[in-house]
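Should a chain be cited, it is by its letter among A, B, C and D, assigned in written order, with residues numbered from 1 in that chain.
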Amino acid sequence: MKKYQKFALSLIAILLVIAMAGCQAKTTENESDSAPSNEEETTQETFRIAVAAPITGDNSEYGIGFNNAVKQMADEWNANGGINGMMIEVVTYDDKNSPEEAVAVANKIVNDGITAVIGHFSSGVSMAAAPIYVENQVVEISPSASHPDYSSIGEYIFRNNTVISHEAKAALDIAVNDLGKKNIGIVSIKTDWGVSTAEIVTGLIEDMADQGVVLTAHEEVIEGSDDYRPAITKLDEAGTEVVISVGMYNLLAPLAIQYKEINPDIELVGFSNSYSQELLSLGGEAVEGVAFPVIFFSESDQENIKTFVDSYNELYGSKPSALTAQAYDSAGIIFTAVEQVGADDPAALRDAVAELTYAGVTGTTKFDENRDVQKDFTKVIVKDGEFVLMNEN
Amino acid sequence: MKKPIMNKNILEVKNLSLSFGGIKAVDDVSFNVGHNEVVSLIGPNGAGKTTIFNLLTGFYKPDHGEIFKGDKKLNDKSPQEIVKTGISRTFQNIRLFSDMRVIENVLVGTHIRTKYSLFDSTFRTRKYRKEEDSNTAYAMTILSTLGLFDKKDQFASNLPYGDQRKVEIARAIATGAELLLLDEPAAGMNTNESIELMDFVKYLKSLGFTILLIEHDMSVVMNISDRVYVLDNGSLISEGIPSVVANDANVIEAYLGGTLNVNNQ
Amino acid sequence: MKKLFSKFDFPKLPKNDKLKIVFLILALTFLIALPFFGFSNYWMNNLVKVGVYIVLALALNILVGYTGLVSLGQAGFVAIGAYTMTVLVKDYQVNFFVSVLIGGLIAAIFGVLLGLPSLRVRGTYLTLITLGFGEIIRTIIIVWEPVTSGPMGIRNIPTPSLFGLELSLSNGGLYYLVLALLILVVLFSHFLFRSKTGRAFRAIKVDEPASIMMGINTTYYKTLAFVLAAVISGLAGSIYAIQLGYIDQNTFTFDMSTLILSIVILGGMGTIRGMFIGAIILVLLPEVSRALMAYRFVLYGVILVIMMRFRPQGILGWKPKKPYHVTKNARMLFEQGHGELVKLNISNQE
Amino acid sequence: MIVQQIFNGLTLGMSYALIAVGYSMVFGILRLVNFSHGAIYAFGANIVLLLVSLELGILPAILLGILFTGILGIVIDKLALEPLRKQNAASITSLITTIGISNIITNLLIAFLGSQKKSFPTLFPDGSITILNFQITYTQLGMFVVSLLLLVALMLIVNKTTLGLAMRASETNIKAAKLMGVNVNFVISFTFFLGGVSAAIAGALISSYYSMAYPNMGYMSGLKAFSAAVLGGIGSLPGAIIGGLTVGISESLAATFFGSEFRDSVAFVILIIVLLIRPRGFFGKKEIKKL
């Protein structure tokens, strides 16, 4: 009998925990007025924007960055009386950077009656969720998705991040012209983004064959694996002088560390999504001299950038990465659009976003007919554990 | 049921030998069991009795010798095939399907005699219902014959020891076996229980079954066995009718002078 | 008319189970009516997901619950079903339902491949092989790019349509698709349990040597168990793919396999009812506790540990109390003294 | 190049071996696959990193971390597994429990430390020595030596001490050991302690080898290490080493000749083949078929 009492107790315990979990969910939803019931009247005095990004799991640092940036932008607007009096409410959804979760999250966002989303992080995940947003007229701006097909999924799908090809050109330009190397190796992560980017880079290298540029080796690695030595050994045997790392900082940093053990004077070039403080903390001395093209540079002396970086640093104790800055601007774009046309008509909101020309911390943003953006790149290099502009040395 | 030829033994074992890594577990053993006989294999623990059962049921393969069921040679048959020839066994340490009901245990026994396919059972075809019903009826018949009918819905693990023994036998019968190999059925029973069990064995004989019995306690089997084979260290040391065997010097030697009261009625 | 009915023996229940029938009917009507309560896509999505996992649990239940073979590679079968369906529909314009069946078939083939080792390997080692199988399938997905398009995954999986009616999430069609599969699998499991095959499975689970001695071809039945589990998982897999609209190798991880196993154990292995409660708890928990972020998987772990500690047989894992159901016909045969023992052995006595 | 790759593989393999011994020892005694061991290993690495960040100095931090992880091992056993043994539950019950535990540990780590990869201090001087035109970094060398020492130490404990004797006794027959007055529960706790310790050491070494640590690091390495343990013959320490090295080398060779995407499943392919040909692994004891 005692056993059954124990069992009953534990069962009750479980139920309590679940209930608590439920309540927790409820309360937070209420904070964010997402209970569909009181949606009607709430939409009058508050505008709710969703951040859908990895808050836990791989790449969570990016998702948290998005969330911070959007919150910051929202607070700035709210400080000035919100959007035409509407207070802004940021609702965060964790998609663990998994397509599976993203689909659930997207449905939940629609369910919660939210009409604008900043996210998702990776192209694959964004593209899994996008159809749901299109179907339900939710404006999605991804600050990071860079897969060519992403924005073509639907009218409501925007990308505030440059398409790979331009970035790839810029990266290659650093390798060949700034670093003056000809034997280029590629290490790419095996994700949709990594594979397509690697393809483009390879193509560009072939085009530069006349300048004597050669592709020594191309190694694909699984995202999240920690041991790149087999790949490095192969690259090194092939006489690579500069490695283009097609991946986030969590590829670039360990790659640099492990490569420099074998060949201290190897050069590495990254992509803008590896431009984040974590690169420095994780890579340490190894990432010294690593360069990449960015459309946002936190050390820049432009006024608006300074203020953004400083207040971000104040709020969250770190410097915003390029993608974070793009999230910040994306939020700004949504709010401005809402200011123009209000929040009640998603179609109008979508058109407003499409038409808008927005001057933000990542330069002037104007979506083209494919709902993509063009931006100019600045070249950044790591010097004495700091990011500095390349031409400034 | 095929008509057996009476003058032929139901089981015939010739020069059976098996050794594990040099140790001869069974050494050149020959014996036979006639129709509707109760034959006992006795001998001290470790004499190789259970090993012989494992050989008879195809669980082990003999190094030498031959095993015949009627005129079928069993040496290289799989356990499943051997069961089909009409031999079924029980185990020294009862091995019932504990989380199945008594009747289900017996129904498992009917497995090899059941013809219907997974398709039949999935779509509940006539064939399925016909066979399943007759099997169920058959199982119930066995249970009632062995006086277990009112326990048919209990779970095997909840039954008292003696009943579990009986269920195991019922399960063996359900395979359609005519030859039952009982491995120390009286093990772990007090005197009264084992006497009751021996009567039960007699009853089985009266039903027409042939029984090969393993026992290490001679006194138990003496009054029910038609014939007795005595094993020691894997080889036969004596055989014959109980009274003769009981007074055999070798046997007494093997039991280290263990007192043998033959006539315990 | 009567004749046609008599062909099939619908699960007949004793009188004292009238309530059960009523309950079943109510439950069924409830399930059918569910979409009309106007759930949002989000909740329809959750419902479908739960449905899929119940089916997956029922599949694994045949392995673990009936036959006692622990598999940690179920995700592999799900993946095979999902990818086969998707590729056939997308690249070869095969009809959805045909593709689903082919998916099940291919899963079955892998089921045989995975079942055969049970001839040599037992217990934990077999479990380990299934685990390896799951991981290898994932690698195949990554590597076989021409077909699976590798880590890019397959996007925009078309929603199937039946007689021109689209079976989408929003119109509840997908829900009914899952419900249909679920009902079929439940009936199958139910009928399987009361059959030669089911009994052979359960016998093997408790005591393999003893079942060999009962003349059961254990290798055959263990392989069969794997095949059945594989087919059902494969079928569920293709529906899951439809629901997600996107699949890649990370959809079918070790975590999925453990989730399915946890559902079976938590609900009560060997039972059908258990799979429902198990799936509802373990699938919906992360949803309702979304706000707990990382902690919701801590919670998931805690529940598993507590349950195993205090109720290892699972929430609904009790043994049936009502007597073994004997059909009228069987009882009649018995009373007529059909299959009398003496009749069986008379031959030996003459 | 192949030689170089084999060397990479050896170092990798050593790390697997270190994790594998944990699985091996526990399975040896309890016949239980401790699926939480991967998480314990991750815990070890992250706790060491945490302590390092508290400026305790590297060595004390590591020692403390090892101690904590060892204790964690005991706690897991006492809290979750011993009760199950008491009510001698089915092995599947314990299996699910360990899966649950692994969930708890990993996600608590994520909740408190965040899931991102964090830089882990290097324990060995940078640079490398070059022996006939292929390079071994000091880290690789250090890892190799330390792992070897640890494994030797473990073997001495198991084979030379009375406690080890008790462990082996419980391995061969837990009931008999009980009857012989061996305090089996203590032995088991001790085993879990050793498992935790070796996992923590593995965590520290491997993290410094890759110069990073993160909560999810135990997932794949855990699975691979376990297959390494089975490969070598679960329950045997030399087996764990051989198994680990086999997995490590074949993995980096596969990465070289087929490409990195194959590496994760090599371990399992080999495992399946070995299990089919020789179910008890390289060094496993043969179990006699009995009725």
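Definition applied: contacts are C-beta pairs under 8 Å (C-beta built on N, C-alpha and C of every residue); 3 or more make two chains touch, one makes a residue touch a chain.
It should be emphasised that the depicted structure is a prediction, and the values quoted were computed from it without experimental measurement.
With centres taken as mean CA coordinates, the chain nearest to the overall protein centre is C. Highest C-beta contact pair count among chain pairs: B-C. Put simply, the chain farthest from chain A by mean CA position is B. In whole angstrom, the spacing between the mean C-alpha positions of chain B and chain D is 49. Chain C and chain D have CA centres that are 34 Å apart.
In whole angstrom, the spacing between the mean C-alpha positions of chain A and chain C is 39.
Taken residue by residue, chain A touches two or more other chains at 56, 190, 222, whereas all remaining positions touch fewer. The set of chain B residues touching two or more other chains comprises 59, 91. The set of chain C residues touching two or more other chains comprises 142, 209, 293-294, 302-303, 309. Partner chain C is touched in their complex by these residues of chain B: 1-4, 35-36, 57, 59, 79-80, 83-84, 88-89, 91, 95-101, 103-104, 107-109, 111-112, 114, 116, 118, 121-126, 128-129, 132-134, 136-138, 140-142, 145, 152-153, 155, 171, 173, 175-176, 178, 207-210.
Those residues of chain C whose C-beta lies close enough to touch chain D in the complex are 64, 70, 117, 120-125, 127-129, 131-133, 135-136, 138-139, 142-143, 209, 254, 258, 261-262, 265-266, 269, 293-295, 297-298, 300-305, 308-309, 312.
Listing the residues of chain A that touch chain C in their complex gives 3, 6-7, 10-11, 13-14, 17-18, 21-22, 24-25, 27-29, 36, 55-56, 93-94, 98-100, 103-104, 107-108, 110-111, 124, 127-128, 131-132, 135-136, 190-192, 194-196, 222. Put simply, chain D touches chain A in their complex at residues 1, 4-5, 8, 12, 110, 114-119, 126-128, 135, 137, 139, 210-212, 216-217, 220, 252, 255-256, 259-261, 263-264. Per the touch definition, chain C reaches chain A in the complex via residues 40-43, 45-46, 49, 142, 150-153, 155-156, 170, 243-248, 250-251, 281, 285, 287-294, 296, 299, 302-303, 306-307, 309-311, 315.
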